[in-house]
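One structure is given here, and the rest of the page talks about it.
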Amino acid sequence: MRVITEVSERVVETPSTVTLRFRYTPPAGPGQFVMIWIPGDDELPMSLSYTGEPKGVTIKAMGTTSRNALSMPAGTLVGIRGPYGNRFDLSPRRILVVGGGSGTAVLAPAAEAAVRGGSRVVAALGATTAPELLFVGRMKAISESVEVSTDDGSLGHHGFVTDLSQRLLAQQPFDAVWTCGPEIMMRKVISAAKERGVPVFCSMERQMKCAMGMCDACALGPYHVCTDGPVFPADRLMAIPEFGHTKRDSSGRRVPL
Amino acid sequence: MPVADLRTTVAGLTFRNPLWLASGIWGESGNSLKGAWEAGAGGVVTKSIGSDPRMGYPNPTIETYEKWGMLNAMGLPNPGIDEYPQEIAIARAAGAAVIGSIFGADADEFAHLASKMAATGVLALELNLSCPHAKGLGSEIGQDPDQVREVVSAVKRAVQIPVIAKITPNHYDVASLAQAAESAGADAISAINTVRALAIDVQLRRPVLANGLGGLSGPAIKPVGLACVWQIYDRVNIPIIGVGGIESADDVIEYVLAGARAVELGTAVAFRGIGIFSGLAKELSQRLDSLKVHRLEELVGAAHSPVTPE
Amino acid sequence: MPVADLRTTVAGLTFRNPLWLASGIWGESGNSLKGAWEAGAGGVVTKSIGSDPRMGYPNPTIETYEKWGMLNAMGLPNPGIDEYPQEIAIARAAGAAVIGSIFGADADEFAHLASKMAATGVLALELNLSCPHAKGLGSEIGQDPDQVREVVSAVKRAVQIPVIAKITPNHYDVASLAQAAESAGADAISAINTVRALAIDVQLRRPVLANGLGGLSGPAIKPVGLACVWQIYDRVNIPIIGVGGIESADDVIEYVLAGARAVELGTAVAFRGIGIFSGLAKELSQRLDSLKVHRLEELVGAAHSPVTPE
Amino acid sequence: MRVITEVSERVVETPSTVTLRFRYTPPAGPGQFVMIWIPGDDELPMSLSYTGEPKGVTIKAMGTTSRNALSMPAGTLVGIRGPYGNRFDLSPRRILVVGGGSGTAVLAPAAEAAVRGGSRVVAALGATTAPELLFVGRMKAISESVEVSTDDGSLGHHGFVTDLSQRLLAQQPFDAVWTCGPEIMMRKVISAAKERGVPVFCSMERQMKCAMGMCDACALGPYHVCTDGPVFPADRLMAIPEFGHTKRDSSGRRVPL
């Protein structure tokens, strides 16, 4: 059920992030992910940053495999299986999108789909430094407004994207917040939204192997991120002690995030 | 309202139904064991646990064949016996009937793990003598009747709780392995683990799984598992737990007729979802009702002496 | 127009394509061997022939699982070596590349049969060391490296033509069986025969096949056959013929990448019809063209040393 | 793929022949056969003598299994797989049906279907003795005329059914002859029809095991009766030296018919 397909296009998005596009026809929705096999290397879960044809994933260099992926030329053969997992619920009318780092990869196609469906989107995007801001143009093209933050102050708000989301939540009414980024960041987004009674949906990451709800690698409290997620309503996450604190490594051992 | 009695007794332990969660599925974390129990499993077998944390093989670790087969080489990832008691505690707190699975390189390691696992309060142990793709572990020990005898003896000396020996199908005479386990005091046999298998990608000209070889599971191996249970039933007196490709009530009954007192479900959880436990329990009761069988246990081994109509 | 060259050389014999008819399928009568050859098979292996006529087991002799598996226990029916030359004569008169399969209870019987079979003018012999359901025959001999060595040695002393040893998958270390055959002078290995298996009827509470145990074939065992060929390729130098679950061009290429120089088709003839030979030959050429491979033989064993993209 | 089903009805047709009816829903046509498993005993090929629901087979006591079947009560569980094989071509407008012994079992449903399709049927049925004549009433209900013969002269023509068919072929024009019975009988029917240029279709029997065109048990010249037949045009059969002379036993050995 793996499909071997050629990377048809390669777009360098930031110094540490690249988008790979490829033909892979099974229908997919925003929030879902694929398992991408880099032959001779590893197979990684990657959210679809483009859910239509050609589909795409946007990879940030973290470890060996993702770093190798960064320099992978168009024409390389990769294996794709999926899509797996659930989708963002596109029904909210006013959506605040809060993306930390490469987290914006999964939020951008969701925001686009929501806007196509008649929703209005406001975005707050953060990164360590200006060149690392992801999909700012793409979000601007569809959002009512896009605010950015950088840890080093090189562009936009000098500080965390959570500062932006807190301010936006105070200024405007929203039906939902969508967020993806470090868990500590998402926890902050959640508590700010909770004060206003706005529901938050987080796209989560955990170690993945089977992606089919079998091997338990992606266990997160009572859930499997691969089949129950990756998109979770915040109240479910807040009920899990490990959220924001620990994950499991490849052995299943609990390790600090 | 289905009425047939699904309770089953294995090695003196009574289970509310014969549908256990197989080792390696949902069994790495305590919450998942609990989840499988709450979803209706009659017993839950943990992931096979070793002495030290083990990352397992890199991905790809699985390949599927439509809905009839799955190939995996996880490489026995597990957090190690010292981290694991906290997981069992979560499952036990929920009331789950937990069977602790362990794997090791020799009799000493098995015995050592067995004591530690028994100390967590599991009801029974399952010895993984049958992983088809881990060097020096699993079926490399489990294919040799002498080593099976040694391991089981050592474990039996180390613990009081029932010990289940899980047998490999990758052998000419599986019943000889079960006999070896029985002679060393095993309280039950489970069979089978996966069947050694391989997939190659034609475009990439390489094995699909990072480890190369893996193990086949799912409906494709049901006939193989049945043959093993059948042969073992003819040669041992201890109870048998059937594993391999089970996903319907008739599959369960086939295994029971071949000689199993309980069964384990693995791949079906991936192909059909965790809801399979409650769905199957209901389906099984209904099927037994329609067959006019009151207690599942009446059928254990019945196909070995069929009644021919006049 | 597909152009890739499908010819394959095994033990010094060149076949027009690598798609052979497996033993036990269409191979009891000369007309059927001829028919398979005319339908495009690259070689045709006869039904396994013994010393005396053998009726085989009563029906039911087969059970099927959708289109992914088949269980059989024919019981080695065959007209006996003395009746069989007339059948081979029909196939040879049609120009078929005939490989004669034989089975026996010991080295002497194999040697005796081998001489008689060789005298019919077959190109090569296949020794069935691997039938999973015939008492005292087949895999009861073929599971023991020493007996494999004895049988192959005796046959090699008796005949001049190439000898292929057909290996059982029901073993912990299939490559050791292949090595035994090689050390005794076998010219090639074929793998695999069927996997020991069973089906039980839930309503009748009895095994479906009259013999009880049978052998699983078809797509379900392709991953198992691939693993065997893979392991054998790593340990022997003689050519390998892959068998088990082949029905598409990619299946053939998978086996070739694992180490096979030719393949045999069995169950696919039942599930897809005899037209599979010409259809598959065409599909295979086209697939090789699309993979930019000029000669199938270039791919033999290639997955053992994969080239990783930069 | 075997279905276990109950014999819903049992009709004694002649002293040595019984019809068993059972529910088995896969669609079937006249000429086709099923494999019927008598648990604890054997599994035999049997033509469908009733192709609609409930389906039926009509079994003549020959050997152990078929004899046992004769005394099998309604309610017995049997295993059915199939239907297998080809069907009679129902297009001929004027059909002569020539049944020898239990051969009529497969011809009756075919004749009924042909008549439903607007064809006209004339039947010649033979048996060793009057009580063994099969389906005479059933054939009379749909045929223009039915003639019978018995070897012992106890009813109808004293002699062979081939005498009847020869006369009928001389008297009337036919588009096709359908026949089932001993091969020596069918050979005679064929030669008489050939003189008149009338094509003949024979329903054949051979040892069967797989019924799927695999095991070669049913080899008949270049054909497999299970998949290429059981209905064969006579010219194909006449080209096979063994037709009417030898068959193969369970071992595949050629034995006289």
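Each chain gets a letter, A, B, C and D, in the order it is written, and its residues are counted from 1.
Simple rule for what comes next: a contact is a pair of C-beta atoms (placed from the backbone, for glycine too) under 8 Å apart; a residue touches a chain by one contact, two chains touch by 3 or more.
Keep in mind that this is a model prediction, so the values were computed, not measured.
Visitor: Steps needed, at minimum, to get from chain B to chain C via touching chains?
Guide: So the least number of steps between the two chains is 1.
Visitor: When the contacting C-beta pairs are counted for C-D and for B-D, which pair yields the higher total?
Guide: Ranking C-D and B-D by C-beta contacts puts C-D first.
Visitor: If you average the CA atoms of chain A and of chain D, how many Å lie between those two points?
Guide: Averaging C-alpha atoms per chain gives centres 69 Å apart.
Visitor: Just how far, in Å, is the C-alpha centre of chain B from the one of chain A?
Guide: Roughly 37 Å separates the two chain centres.
Visitor: Taking the mean of the C-alpha atoms as each chain's centre, how many Å separate chain B from chain D?
Guide: 51
Visitor: If a residue has to touch 2 or more other chains to count, which residues of chain A qualify?
Guide: 39-40, 77
Visitor: Check each residue of chain C and list the ones that touch at least two other chains.
Guide: In chain C, the residues touching two or more other chains are 65-66, 203-204, 206, 306.
Visitor: Given which chains touch which, is the overall layout a line, a ring, a star, complete, or other?
Guide: other
Visitor: For chain A, which residues are in contact with chain C within the complex?
Guide: Answer in residue numbers: 39-41, 76-77.
Visitor: Write out the stretch or stretches of chain C touching chain B in their complex.
Guide: Per the stated touch rule, the residues are 65-66, 68-69, 71, 139, 143, 168, 170-173, 195-200, 202-207, 212-214, 216, 219-221, 223-224, 226-227, 230-231, 250, 253-254, 257-258, 287, 291, 299, 302-303, 306-307.
Visitor: Sort out for me which residues of chain C touch chain D in the complex.
Guide: Within the complex, chain C touches chain D at residues 24-29, 31-32, 34-35, 47, 53-56, 58-66, 72, 74, 77-80, 83, 201, 203-204, 206, 208, 210, 266-267, 269-270, 273-274.
Visitor: Any idea which chain B residues touch chain D in the complex?
Guide: Within the complex, chain B touches chain D at residues 306, 308-309.
Visitor: Chain C touches which residues of chain D in the complex?
Guide: Listed in rising order, the residues are 1-2, 4, 35, 37, 39-40, 42-44, 77, 79, 208-210, 212-217, 219, 221-222, 224, 248-254.
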